[in-house]
Amino acid sequence: MASKSESQVQGKAEAAPPGEIETLLGEVLEGLSPEISSARGAVSVKVPPDRLKEAAERLKAAGFDHVKAVTGIDRPDSGEIELVYHVSSYLDPRLSKWIVALRTTLPRDNPETPSLYDVWPSVKYHEMEQREMLGIHFSGHPDPRSLLLPESYEGVPPLRKDFKVKVEGINA
Amino acid sequence: MSEEEHVLELLIGPQHPASGHMRLVAKVDGDVVVSLRPDIGYVHRTVEKLAETKNYIQIIPLIERPPLADTANHNLGYVLALERLLGIEAPPRAQWLRTLLAEMTRIHSHFYGLGIHGIMLGSSTAFMWAFWDREIMIELAQRLTGARLTYSYMIPGGVRRDLPPGFEDEMDKALRYLERRIPDYHKIFFDNPVTRARLEGVGVLRREDAIRLGIVGPNLRASGVPYDVRKVDPYCAYPELDFNVVTREEGDSLARMMVRVGEIRESINMIRQILKKMPDGPILEERYLKMIPPKWKEWMAQHRRIKLPAALISLRPPKGEAVARVEAARGEAVYYIVSDGSPKPYRFRVVSPSIRNVVLFEHLIRNCRVADIPAIYGSLDYFPPEADR
Amino acid sequence: MVCGISGSMWLGDLERTARKAARWLVERTPIRSLRDWGIAFSLWPVHFTTACCGAEFAAASAPRFDAERFGFLPFVAPRQCNLMLIEGTLTKKMADAAIWVYEQMPEPKFVIAMGACAIDGGIFWNSYNIVRPKDILPVEVFIPGCPPRPEAVARAVIKLQKRIRRGEAIGLKV
Amino acid sequence: MMGLLEWILDLLLSPWLFVPLIYPGLISAFAVLLFIIWFERKLAAKVQLRYGPLYVLKRLGGAIQLVADLLRYLFAEPIVPDQADRLAFIFGPILLFASSYIAAIAIPISYDFYAFRSEISLLVVLGLNTLAPAFNLVIGWGSNNKFGLIGGLREGFLITADEIPMFVSALAMAVLYGTMDLVRMVELQSEWLWGIALNPLAAVTFFVLMLLSTSRFPFEIVEAESEIVMGPFTEYSGILYGLTMGASYVKLYVLSLLFAILFLGGWEPLPPLEFPGSWLILPGAVLFLKALVIMCLSVFMRAVYPRYRIDQALRLAWHYLFPASILSVFLSLLVLSGWSI
């Protein structure tokens, strides 16, 4: 079903045939032990945390010129925080049809990763947001302020799973 | 005297006629802004966290609140992501109806931005006219959906209502009126020598900077990048519509405003095409349609709307994740859902266009005059609740 | 009186006395009703958008609904206004600003809370970052709706006008 | 008893009291204030497809809206911020208002009714008019608010930019008429043509500078609300704010009277009517109506134009209006030589 909707959507815009983007990513990220998978129209590349920056640099060189979203996913069961950069391209029409999820996992108790601000300046506010929402430390990020929460906010970062909010009785 | 000593720090907002729901911390040297830092988060209502506590269908109204002037496009983005996750697809008529509402919303959202830009430059007439013409699209959207702004019109697998009787004629009248109005705006606002003087060459965003900073929407297109999700990754009925991506090369405040005006024209054309080519058929996906008890069928046909099937209330998408993007009025909106198979999303990420454009404040409002702050701010069509979520 | 020669001793607390006298004068019926009439038809809300209801608030003063008919003119700085509209959700960060703005407004001043969020959180009722306006400000009129229609804003203004002219408004009693 | 009334009437009708106090002085200034702000709001509303103030008095289209606003200001708490300079803060608006209307005393209402007639009454009006902006500076400084300070400084920049060309373009008319006596100017205009026909350049320049110096659109720079809130008046509340807001309108009123006298023939032509008091009422009314038309035209600009940036306004004043005012002097000479031939 899912593939049907994709092919219908992309069929009209001379999409790159499925598989091409994976091959391309495989070539670009050769040697960084990437795990490439695609599902539901999104391609995702998983790299080890220490290879993240290098992978980003290579992707940038390959034409992925901006980041659409930076998302941290807290997974307390496995003790990890998954960090996803959704990257794409404005200029290269072949790449801009795709949103590539560049992902890595960080340890939950000390999530630290180099900031990709040097590679993609467009991550600036996204990384700030993930920092305060999930407590991920982006080393080398130029702006140490908090973004959305009040300066005085203390406690568990709100998007961690152990930060509980009230829920409606009927669903609880 | 050191550099710091003759710099005055101006706190603009959150209570300021032109700050909106945010604070701009401007360092001013005489009449020149040395640097400006946006302080956002004044409308941070934790949509992403609350979404984790809500059923998938309950998230639709939730994500409509932050981008209040541009609800339908965001609703659409979320529903597309959810449909990808569920592996369903809306029937053709529903797709066209979605496109129709999305374009109507784009028109009134652009008028909203235009009006706010007008009042920031001091032209109360531009504000009032834009808000008047905006009401026309709002009124028609209200006939279609039942609400002024928060439509919750698109649901997974389709839309809530069909076209009301007589809608095409009303819309035709409205479109002809709007087309007549745009020259009036040119007379009083766009071609006004004062507007020109205030906007031309002010806040120039160069092409490479726009790409580097990941700017979206009309702000990007005004810098000469023809990136529009409706063309690049077409969704709904856009592949079958004939429209141009409006771009300008200058990248200044005037260009950003004129791109919006151009998009209003394009949307008017698109709505005409949509109403002409709209296919017949059901407005809800078959599998949900089957779940509706037969006794409601007649009621649905009579009222030209659907009864929400119970299955939608506790949707349980399979484990996995989906990402969808739409071209909302202010730019590209990205919706990212991670599901763990439960009725509530495991992680829900909204990247609204405004949060991606917020970087422009510190980039553009630098080495310009104090009076340029509202001129540039208005041209960005930045809506703080949308950025803060 | 004999031993105190300082100015305040001779004059008394001039300012307080003057204020008391002024208040006494204002409380007399003809002046009072004149004042209340003036206030009722000159409700100027301060330009303080707290959340997304601001879009509908703007529509309320725009041509189709034209709240200026009631003498309702959104104005720029708190010092010149006498009405504060909480336009939707009040986040914690914004609540500080809201109290500041309210404190800066001259008396008599009134507060209208607009939108379900401003009543009890609305759709964001369980958000960790919101404040209920009724906890921090003396709200005169609540406007339900999410977002309320511009007509509802106009209705709230009329209601507040009536309350003021009847002398029931909280803002008059402070 | 009758004697007392007559004595009071006589006293009031004596030009030394009537001119500063009633017309064109304080009371008429207040009346104009109440009217013109309502008119401005109503006119803007008309252009903007709205009603504007209405329900306060529906039969007259909300004409007493400003009375309601005034009452509210009157009874609002006047706040003096702790950090403000108390003296400057309180007396600034009063002096601003006073200095805005003080120039009215030198304006004659008819050939034989004026507070004083002088060979240089034009200079007196122009000179007294330049007082007001200084108090804007005082207010901006005294209220100790950053926006107020910026607004005050903007006023400081604009003083020179608008007053000098304004002087020159007014003096161009003095060159033309060969006198600085306002009464004589009206006399001459009734013999020749109206000033606006003789020297349109000076009239246009003067009108634009009038907008600039009273901060009407498109030059509403000192209190540009989307930039610096209310400029110098940001911290003012209650009746003190009412005074600051009224001051610019009163200044506009005085300048409109001057414009009517300089360019529109003053109180000429008089309608041929006779009734008790017509010697005073008729010329006064004609002059008043002309001034009112000018004022309405200036407030109408709000509905048409956005506002200029300060550097653009200064450039406009120095690069275009100042040369234009100089040119208008030459134009006056040209017209004069043409006339004598």
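Per-chain residue numbering starts at 1, and chain names A, B, C and D are given in the order in which the chains are listed.
Note that in this section a residue touches a chain if its C-beta (ideal position, glycine included) is under 8 Å from a C-beta of that chain, and two chains touch if they have at least 3 such contacts.
Note that the coordinates shown come from a computational prediction; the quantities given were computed from them, not determined experimentally.
The most centrally placed chain, judged by C-alpha centroids, is B. Distances between chain centres, each the mean of the C-alpha atoms, put D farthest from subunit A. Centres computed as Cα averages put subunit A at a distance of 63 Å from subunit D.
In terms of their C-alpha centroids, the spacing between subunit B and subunit D amounts to 46 Å. The distance from the centre of subunit A to the centre of subunit B, each centre being the mean of the chain's C-alpha atoms, comes to 23 Å.
Annotation: 32 Å between the Cα-based centres of subunit B and subunit C. Residue positions of subunit C touching 2 or more other chains, listed in rising order: 62-63, 76-77, 93, 126-129. Shared interface positions of subunit B, i.e. residues touching 2 or more other chains, are given as 16-17, 41, 44, 46, 49-50, 53, 128-129, 132. Annotation for subunit D: residues touching 2 or more other chains are 48-50, 225, 229. The touch graph of the protein chains shown belongs to none of the named shapes. Those chain pairs judged to touch are A-B, A-C, B-C, B-D, C-D.
Chain contact summary for the complex, subunit C toward subunit D: residues 26, 34-35, 37-42, 62-63, 66, 68-71, 73, 76-77, 79-80, 82, 104-108. The part of subunit B that touches subunit D in the complex is made up of residues 8, 10-11, 16-18, 28, 31, 118-126, 128-129, 132, 188-189, 192, 194-195, 197-198, 369-374. Here subunit A touches subunit C in the complex through residues 149-150, 158, 163, 165-168, going by the rule given at the top.
Across the complex, subunit D meets subunit C through its residues 41, 45, 48-56, 62, 65, 67-72, 74-79, 225, 229-230, 234-238, 241. By the touch criterion stated above, subunit C contacts subunit A in their complex at residues 92-93, 125-129.
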